[in-house]
Amino acid sequence: MKQNIPVRLDRRIYSREELCGEYFILWIWDDNLSRKCHPGQFFEIRAHASLLDAFDARSLPKLYKPISIYDNADGRIGFFIKKVGAGTSALAKLKAGDKLELIGPLGNGFNPVSNKRVLLLSGGIGYPPLWYLQKELINHNKIFWLHGGANQDDVFPCDEVWTMDGSFGKKGMVTEGLAPLILEKKINLVYSCGPIPMLKQAAKITRELGIRHYTSLEAYMACGIGVCHGCAVPIRTDTKEDIEAGTSIPQWDYLRVCKEGPVFNAEDVMWSML
Amino acid sequence: MKQLNTSLGKLKLNSPVTVASGTFDLENLDFFGQDFLGAFICKTITRHSRIGNPPPRLYESEAGLINSIGLQNPGLDKFISDILPRLNAALNIPLVVSISGSSITEFAEIICRLEMESGISGYELNVSCPNVEKEGIAFGVHPEVVFELCKTLAPFTQKELIVKLSPNVTDIAAIAKAAEAGGASSIALINTLWGMAIDYKTGRSQIKMGVGGYSGIGIKPVALALTYKVAKAVKLPIIAMGGIYTWQDALEFLWAGASAIALGTANFIDPLAAPKVFAGLQDFLAEKKLGLQDIIGKCEV
Amino acid sequence: MKQLNTSLGKLKLNSPVTVASGTFDLENLDFFGQDFLGAFICKTITRHSRIGNPPPRLYESEAGLINSIGLQNPGLDKFISDILPRLNAALNIPLVVSISGSSITEFAEIICRLEMESGISGYELNVSCPNVEKEGIAFGVHPEVVFELCKTLAPFTQKELIVKLSPNVTDIAAIAKAAEAGGASSIALINTLWGMAIDYKTGRSQIKMGVGGYSGIGIKPVALALTYKVAKAVKLPIIAMGGIYTWQDALEFLWAGASAIALGTANFIDPLAAPKVFAGLQDFLAEKKLGLQDIIGKCEV
Amino acid sequence: MKQNIPVRLDRRIYSREELCGEYFILWIWDDNLSRKCHPGQFFEIRAHASLLDAFDARSLPKLYKPISIYDNADGRIGFFIKKVGAGTSALAKLKAGDKLELIGPLGNGFNPVSNKRVLLLSGGIGYPPLWYLQKELINHNKIFWLHGGANQDDVFPCDEVWTMDGSFGKKGMVTEGLAPLILEKKINLVYSCGPIPMLKQAAKITRELGIRHYTSLEAYMACGIGVCHGCAVPIRTDTKEDIEAGTSIPQWDYLRVCKEGPVFNAEDVMWSML
């Protein structure tokens, strides 16, 4: 969970990969930047825009978009992106050689571990940060990767796939496969990333099984650097004993996904408030 | 940089470019040097810590940003013990502390406590946050209350006393006049407009609280109109904001009567907005052989 | 088209899509058939002719339009002798006549005179034009005056009585409530926000009058927030406008509580906006198997 | 001064011509439309935009821009455009084959005449409507064309050129040449189009010489079809005798450049108010 001072850079897109469905990968090449990155961290990125566009009134520059580090090897950093709205559509139009604006690396990232039996759980666009994590963990841990998507366009290489429509792998919610696998594979640590309902369900399961579970959360962001408090999620910070009632009341605060996160201990997330 | 000196009441600024409360913090200074800024206005502080509003708190519309932060802040004590020392260590430009309260007494309590600290050049009274029910907003809309507030607070401090006004009122000039009469030494405007966005597919509000605060380029014409109205109504210097993205935008506000401007949403759109606006102003004035005083309030209709 | 029936107080509309006063006239119907429209709201008429404001009267900003027409119109008599017959000859959808006056008596005089004419389905009381000093605007901001106005006018007519509100007020809900209590049968909102633009090079206002009225996509979040607030405050049906360009925009306002919407600036941006919005709504509802009544006011926060 | 019902169309750009400075010409081809056009009329035109762009928030669609009919021959209509701001810059980016949105033909246009000694006076971007007019008048009238520009990038084929900087033709304000020419060429009718200060000066001269003068005015437009009253200019509509003072007071009204104009009798324009 290291935090480097983020930088703001313009970088040429070194290459671009097309995947199924609405997915694509943009690669940049920057040895220095590459050395600063850790799994679970992300960048705020944007198709090159100028403030002066607003003056020219041709197009209004919009917010940067948070995108995880998908891969980081040999000085190349990959962003694995799904086109879902205006910001990601603008990114989807970029070609190799075009300029990308970047702020990062941002966020806390995953804690590296060793000698563990690790389960990775991803849903849809939760896949990219776990790929980078998996590469870092693979030599020192036993890893099993479970991934779920809506359909065959939302699945990527891993150990077990679930799709909602059954068009690839097992049919159903990926979390249905979680408890059996944890037991079967003797998992002692789960890392997850994906849509909130999936993470909520996964957190319930790991909690019941008493398994440590770190989860990477998403939030709408404005600054990405901890300034605006726009990306807040409710996180337990402490517990207070209620002597009279004989119970302990969770103390919580709105923490910033971009600064204290995106990775949180799943135990600490106030899931019922999300 | 001499050319871009300006002043805001008792404050001498080395640059007319400042930053809007809640949109800029020390992290931003990782991206550029602080000499481009005339002052640093920190996020609003309240007497007690505030947890803020439930998420989602942000939504970007076609032409701006809707936010519903709800003045999340650690409260006065933590500000003094943790934040202020860090700001003082980092800054060599004037620090303006933005404060808000739910009563005149609470404002007074905060100012009196802050007066015991060093390193503060002024206060910005946030009486205009649309994300706080029955608190800030209740103040900002009544001239009499704004007058009372300023009259009560002014004797407590020799420092710059800025009142930050809401655009969500019928007669902003009357409120500015009340602030002036009460003893404020400058006016900041505008805070966010009410704004809302709904997911057309599901009917769900994009912001958990429903109505939030709207900022960014889409509010520029409104901010400019209100700056102009207030500049006509009072003699106090104005620090204007609302949709300023470019140096051309900044000039519009200076012409309309602002002595300084602040960048808010622009900091999110481009972390280098402040130095870019500064450079643009500098080049423009150099090319036209004008000083800021030839521009400020010199708008013709 | 059955599916898109809606109503506005006493008016049954075949389409929730209407047009905003001052932005649409018979000329627009050269481009598409009127069946896409639920009603035709004409440019505001005053008792006596008004010459309007000096030019320039228009300026397009980054995200909308600033105008300063100043209610130029030929006055009530010419309206009745020249315009109304032409509207009646051309229209087979309900005609709503927008009127404005400088006193309650003047409003009353206009309505009484118009009641003698046929072919009028309703009146829209424009108490909210920001381009008319001490006239429309003075009414729109005081709940008591709006109450008196409605109370005076309601007995004169059985037709739909719409009050069009200004966004440039502290508490739009209070004014809507006053209109309701006074006997208005529906609420239109919003008229334009104050807006201004200055040529950064010369300091000259882009609009001769300085401050004008700001409309278009940039005001959508504000219009939506105010629609939502008013929908919570009154039972009267609402005809909402302010930055509606697309069918998705229209849906946002319906969710927020509008029974019908109006296109203003969108008519300039695309003369085919109305049929496009209509078609988009129709497709959306068909695909989702929803009726308008499943949407109107059903927004969740 | 015929008024046709304007149409709204999308048309492919048939060809594009480049001129000096910031000038270019876009041609469309539409035989039907061509037949409806008259000299002095204009179109509201725009680079193809969609309302839905606003929803996608990539770029906001903006107003159409009024552009005169520069030429109209063999079914082809030409728009001679100077890039001055956001709207014309968007037009400047169009290539042959791109789509142009059009509303028109709009406005009253010039009155055709014959057997007259006509002087055409244009300044800068006032040139295009006079070209079309000149083509229509040439066979039945004697024509002399006087044009002025800031510098050599603002001059186009005609009989006499003035530039402010003297880089082409005579040096000075084009109106300096007006009175001598009117006398020398025995002109009995002037048609003008250009910047207001030039037109104002020209109107003064023709008035003093008692020469009929029709001028085409510019205004910022929103609708272009007479609906919004945004393009108003003060025009004399009548005179009222003030019996007591023994003078006649001009009665005037704000008329619409897009509907009652763009061509007005220079005598009727309330120049002092412009």
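Chains: A, B, C and D, in written order; residue numbering restarts at 1 for each.
As a convention for this text, a residue touches a chain if its C-beta (ideal position, glycine included) is under 8 Å from a C-beta of that chain, and two chains touch if they have at least 3 such contacts.
These numbers come from a predicted model, not from an experiment.
Peer 1: Strictly by the touch rule at the top, which chains does chain A share as contacts with chain B?
Peer 2: The common neighbours are C, D.
Peer 1: Count the touching C-beta pairs: is C-D or A-C ahead?
Peer 2: By number of C-beta pairs in contact, C-D is the larger.
Peer 1: If you average the CA atoms of chain C and of chain D, how far apart do the two points sit, in angstrom?
Peer 2: About 34 Å separates the centre of chain C from that of chain D.
Peer 1: Using mean CA coordinates as chain centres, what's the gap between chain A and chain D in Å?
Peer 2: The mean C-alpha positions of chain A and chain D differ by 58 Å.
Peer 1: CA centre of chain A versus CA centre of chain C: separation in Å?
Peer 2: Chain A and chain C have C-alpha centres separated by 46 Å.
Peer 1: What residues in chain B touch two or more of the other chains?
Peer 2: 60-63, 217, 248-249 - these are the residues of chain B that touch more than one other chain.
Peer 1: In chain D, which residues are in touch with two or more of the other chains?
Peer 2: Each of 54-55, 57, 60, 62 in chain D touches at least two other chains.
Peer 1: Report the topology of the inter-chain touch graph, choosing from line, ring, star, complete and other.
Peer 2: complete
Peer 1: If you look only at chain B, which of its residues touch chain A in the complex?
Peer 2: For chain B paired with chain A, touching residues are 22-25, 27-28, 30-31, 43, 51-52, 54-60, 62-63, 65, 67, 69, 72, 217, 245-246, 248-249, 265-273, 276.
Peer 1: If you look only at chain C, which of its residues touch chain B in the complex?
Peer 2: Result: residues 61-64, 66, 141, 168-171, 193-198, 200, 202-205, 207-212, 214, 217-222, 224-226, 228-229, 248-249, 251-252, 255-256, 284, 295, 298-301 of chain C touch chain B.
Peer 1: For chain A, which residues are in contact with chain D within the complex?
Peer 2: The contact residues of chain A facing chain D are 56-60, 62, 86, 89-90.
Peer 1: Which positions of chain D touch chain C when the two form their complex?
Peer 2: Spelled out, the residues of chain D in touch with chain C are 5-8, 49, 51-52, 54-55, 60-64, 103, 219-223, 225-234, 253-254, 273-274.
Peer 1: Going by the contact rule set out above, which residues of chain A touch chain C in the complex?
Peer 2: 54-55, 57, 60
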